[in-house]
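Presented below are the structures under discussion, each in the form of structure tokens.
In the two complexes that follow, subunit A is the common piece, with subunit B as its partner first and subunit C second.
Moving on, here comes the complex of A and B:
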């Protein structure tokens, strides 16, 4: 009976114009454009390359992390541990490239340091995925483990000491500007393009969306659900690792207490505002990019016009609430 | 209404989104009786129960309880008036002690503090009335499902319940535990408590129930004393052998055009899995439509899941084309040439947010991708071909599958497997919940596929479909194959008899060999 009722209501043709659907799809883009227009009129020196660079560098790490987060959320999961993983990567890399073992071969030291940091971050992600896929632990709980322990590990590795360094070969990742474009912006754009392409065009992307959209159906259609979950958490860890390196490169210092602090929430906010369904099954990497840019630009706009940071946080929260509300209207 | 009825529900109507779930349903329970409530899936049993317990609000009709009109607006209110429900999945607090579970909501206090000693004694007293002895200080989750059920019942009695509703209480119990539960039910009866007993296991009804109410399509079709109704009558009433019959031929099925028996493709020997599958054996031959017939809970879907690698068997063996076959994951079964259209389209079939094309090619992905990249052109070809061949009504391959009607969703799911060109296709209730037109189309399609060599294993609760469509029928009953019928032997009478009694007049037990 109930089955018949629901299938009947599903067969109803789509409404002629779905306002909420339209807003859910293009709302973020419209908001971003409105913000830009507003700033062009009211914020001094807005239309400059410097403003663009400031905003892009500030938003970069969020977008890098949020890209991995989008994939995790697309499978119906969530990754709270990204901030802590950033701290681990940020703590590990200087430990290695500052160590005397490499006998002055800076290039080798930096290469090994970065590789080890990113590898460690990926392994952390894999650990999350293992908990989620193998033991069916709820993602929010599974990743809470590293959220808590990860920062502790990073602090233990460095004895909670601030690591200060001046290694241009390494800091190029945060400060380099080939053709005037910051390296981290290039990394961000590359990651976004690869992830968007992968989600749309590859078998792996389909597996992600099918897993998030209906896990039981996916399993019964032969999709390797467990392996898909393992992979997305590993990718999320990988992205967090890169973001961790970018952050310490910009700061010329690594503080295990601060690297990536609160990043998980910024990333989730970007994903949500970007229009990705938090229950999984529908995801847009481009939306995540737009979401992150919107949040960033709101903050910038308020700060540039003299509104204090505390108020900016409240506005940020309001935007997120609005985005989630829009999603719910769409589903209802 | 008979004088002295404890509960009387009359003329109950309930609609969901305009679709009637209950039509003039009625139910009458006398004091101190165990009353069976039975019916097929979707007959309205649970809706009626939920109206009674205030979970759903009825659209029409009246409920009298203890001689007064009952207006329960929530399960809590129903419980306060002495109606307790014990669900399949026990809704107690697993981490807390047995005592806390039994006394939750009516704790005993002494000087404003919880009086644990009195509460432990109370819990022990309640449980001992069912001859259950256990350490009431231990958390509930330490105990078996059966014991947890006893605790739930003790809790209900503690609330001085006059009417206890048990929704398929035996579905996760073994035989010994069922025996204990029945003792408890008899104990309740002698204490004057009435029980509404929802179950699909007919033998159980005769063992413990006094009267039965049978529901079908949202209405009450009959109430009777258990001693005055045969199993065959019960089954016939449940399936409603007069409702959808149209001029001799109710379905678009016809028997196989080809005579003779094909090679054996898939063999299952004494499969057992979970509580539902106990001893299932069957052989499928190439190009035939074989069917599992049986009541709800007979183990049909569960068997199909084992064959498809979705669940692991605990005993028994299978072979596919003479080779041993033990799929550990659906992927293994798919690679071996099997397909599975599931019973529950929404939960296990469609990925609602994906397009028609993406849903259709979900199983096919490995074959239409190169180095992990989906070949969009090949996907388009496949999808276009099946949309045309199966007559799927959609605005195009990119339309979201959730926007399609049930029948068209089902066609997309069929196409998902047909695109794989399988050897064996398992169809679980392939025509449930879809309109008559699409139903006929799908039935014709199944037949033409089997004529072209596909082996079909069809599970159906619609007897017409089985009788008119199947070349071979395996009747399952409480997890066991109890009969195999083929050709002219396939008649409604024989299937009903096997479903009800576990054997066919002239054709005993051959399937089990």
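Moving on, here comes the complex of A and C:
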């Protein structure tokens, strides 16, 4: 691969650019494959179904949130409030399905609880979008408001109490395994496929990329920029709501202080490593999936081989910086 | 006076007026609000945030952002606590040095590797946090009880708590730097238009680098105060401080797009958010209402919302009439 690039550079001066271009395009995938090969050789019990399940369940919520985040970032925005929105959804659902209002009808209670939580999360996202689209408030600041207030709302709803529950009908979304596949993995895959299809094949997807590429030009071209922005933030809230439900279902408990804490950074890191431009205009959902998987697998590899979690943080930092630097070379 | 001038005036002095109003309200409503004890407690605690917000203000004026300040402060507090056993100066030097190191890396990533500030400082946020946990072996690190290091947090200079004195000096230097030196003017020029500044021959890379270095150093100093105030280096402290600092800068009227800003109103922004917290505590003490910590962060969020909506309105009027 390196040879191919250097032999070309004899004929064309700008050919070393191709190496960077190649790495920038497929670097995450290559890194992921290298990691898997490394683990197959050096990590004990790596090629087991259990390892796969552990990694997939841990990465699921990040991918779900990062999918919405990718769409937001594709419009040139950012959503810092996802963690707090997860906490709101996670606090609201148990409040409803544990309440005595529904008598003994567990199925109805769970359905209403989940629907209300996801609706609330989507409304939070809409609020973000409203601030960004209507008032032209910078996305960092606009979503900072719910980042600060949102967790407070979740804590206030539950009086900062831990809500513990044992409701199999609800926890199915976190613990169920139809055909041996965890339900949240199915949700994740479905969301990724829908979002990827939407981004590539629909008018809405084109509007997202056009908005991120050049907002003014998109507006002049007749694209409903405001509505597009409203929609992506609402979708991001929706995804965060689902992730919040999955997290509390896995834990059998909802702690408003902890659900989704730091999620915004994990999601943004996955998006950036995956190759989506943070200034907007170019986005890849599959890249985000690969990015999240890579970060997760790096952490797993280090932990499984006895490196402490704190050191794994530093490696994670280096990988994020390096991946983004590599993509920068492609544009330069 | 036309509307644009009016808008600019409110944008600049609005936060000062709001601060004065809040202090008057507290003085009128609560008996001990302006007592020496309450005032020194508030300024002592908020000095850390003031230092971080000062660095953040400069970074934001260049059009960048520094997400790493919170975990840099945590790293600084750990380094300061470990170094405090070699004397007070060593403690301060250790904390500030650790902060400068993070700032140095940020500066390199942003100016040399051309990585977007958001991502560059996001990765150093993680790295600094990891380094703090590694250094401290994941527990709090006690400071030396005999070296006098705790005076950095708890000492008094005449009637001024030492942390507040440090913050005041830092803000004075910052204001002079911004308004009366070519470096300060370059900071604003970079935020106004980086390419244009470069074409004009301004030392864009060097000044940008310096700004991140300074932000790291100030966050390290905040870590020194954190260690001295809490008698220990605290590796898990500082989570979310970066966003508090950004909120303070925004409340202070500095736009996140860069190119304009003021050091003094940033300090007012920090005090406004800090005193708002204090007022809520007093109000709880009155017994009329009982706002838990959860509701206090909701109030803070609403406050930020109000400020941001007001700013959006003012800037729109500003651009419309300009």
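A few notes on this one:
Everything that follows uses one rule, which is that the second predicted complex is superposed on the first by the 315 of 332 C-alpha atoms of A that agree within 3 Å, B and C clash if a C-alpha of one lies under 4 Å from a C-alpha of the other, contacts with A are read in each partner's own complex, and residues count from 1 in each chain.
Just so we're on the same page, a contact is a pair of C-beta atoms (placed from the backbone, for glycine too) under 8 Å apart; a residue touches a chain by one contact, two chains touch by 3 or more.
What you are looking at is a predicted structure, and each value in this text was computed from that prediction instead of being measured.
In the overlay built on the shared chain, the residue A:223 is in contact with subunit B alone; subunit C does not reach it.
Contacts of A:153 after superposition: subunit C is touched, whereas subunit B is not reached.
Using the contact criterion defined above for the overlaid structures, shared-chain residue A:282 touches subunit B, although it does not reach subunit C.
In the superposition on chain A, contact is made by A:213 with subunit B only, not with subunit C.
By the touch criterion stated above, A:204 is placed in contact with subunit B alone, subunit C being left untouched. After superposition on the shared chain, subunit A has more residues touched by C, the comparison being subunit B against subunit C.
No residue of subunit A contacts both subunit B in one complex and subunit C in the other. Residues 65, 109, 113-116, 118-120, 122-127, 129-131, 133-134, 138, 239, 243, 246-247, 250, 256-257, 292-298, 300-302, 304-305, 308-309, 312-313, 316 of subunit C are the ones that touch subunit A when the two sit in their complex. Of all the residues in subunit B, the ones that touch subunit A in their complex are 16-21, 42, 44, 47, 218, 308, 310, 329-331, 334-335, 340, 342, 345-354, 358, 362-363, 365-366, 369, 372-374, 376, 402-406, 408-409, 416, 432-434.
Remark: subunit A residues 78, 80, 131, 135-138, 140-142, 144-156, 159-160, 256, 262, 265, 268-269, 272, 278-279, 308-314, 316-318, 320-321, 324-325, 328, 332 touch subunit C in the complex.
On the subunit A side of its complex with subunit B, the touching residues are 1-11, 13-14, 201-204, 206-207, 209-210, 213-214, 216-224, 277, 281-282.
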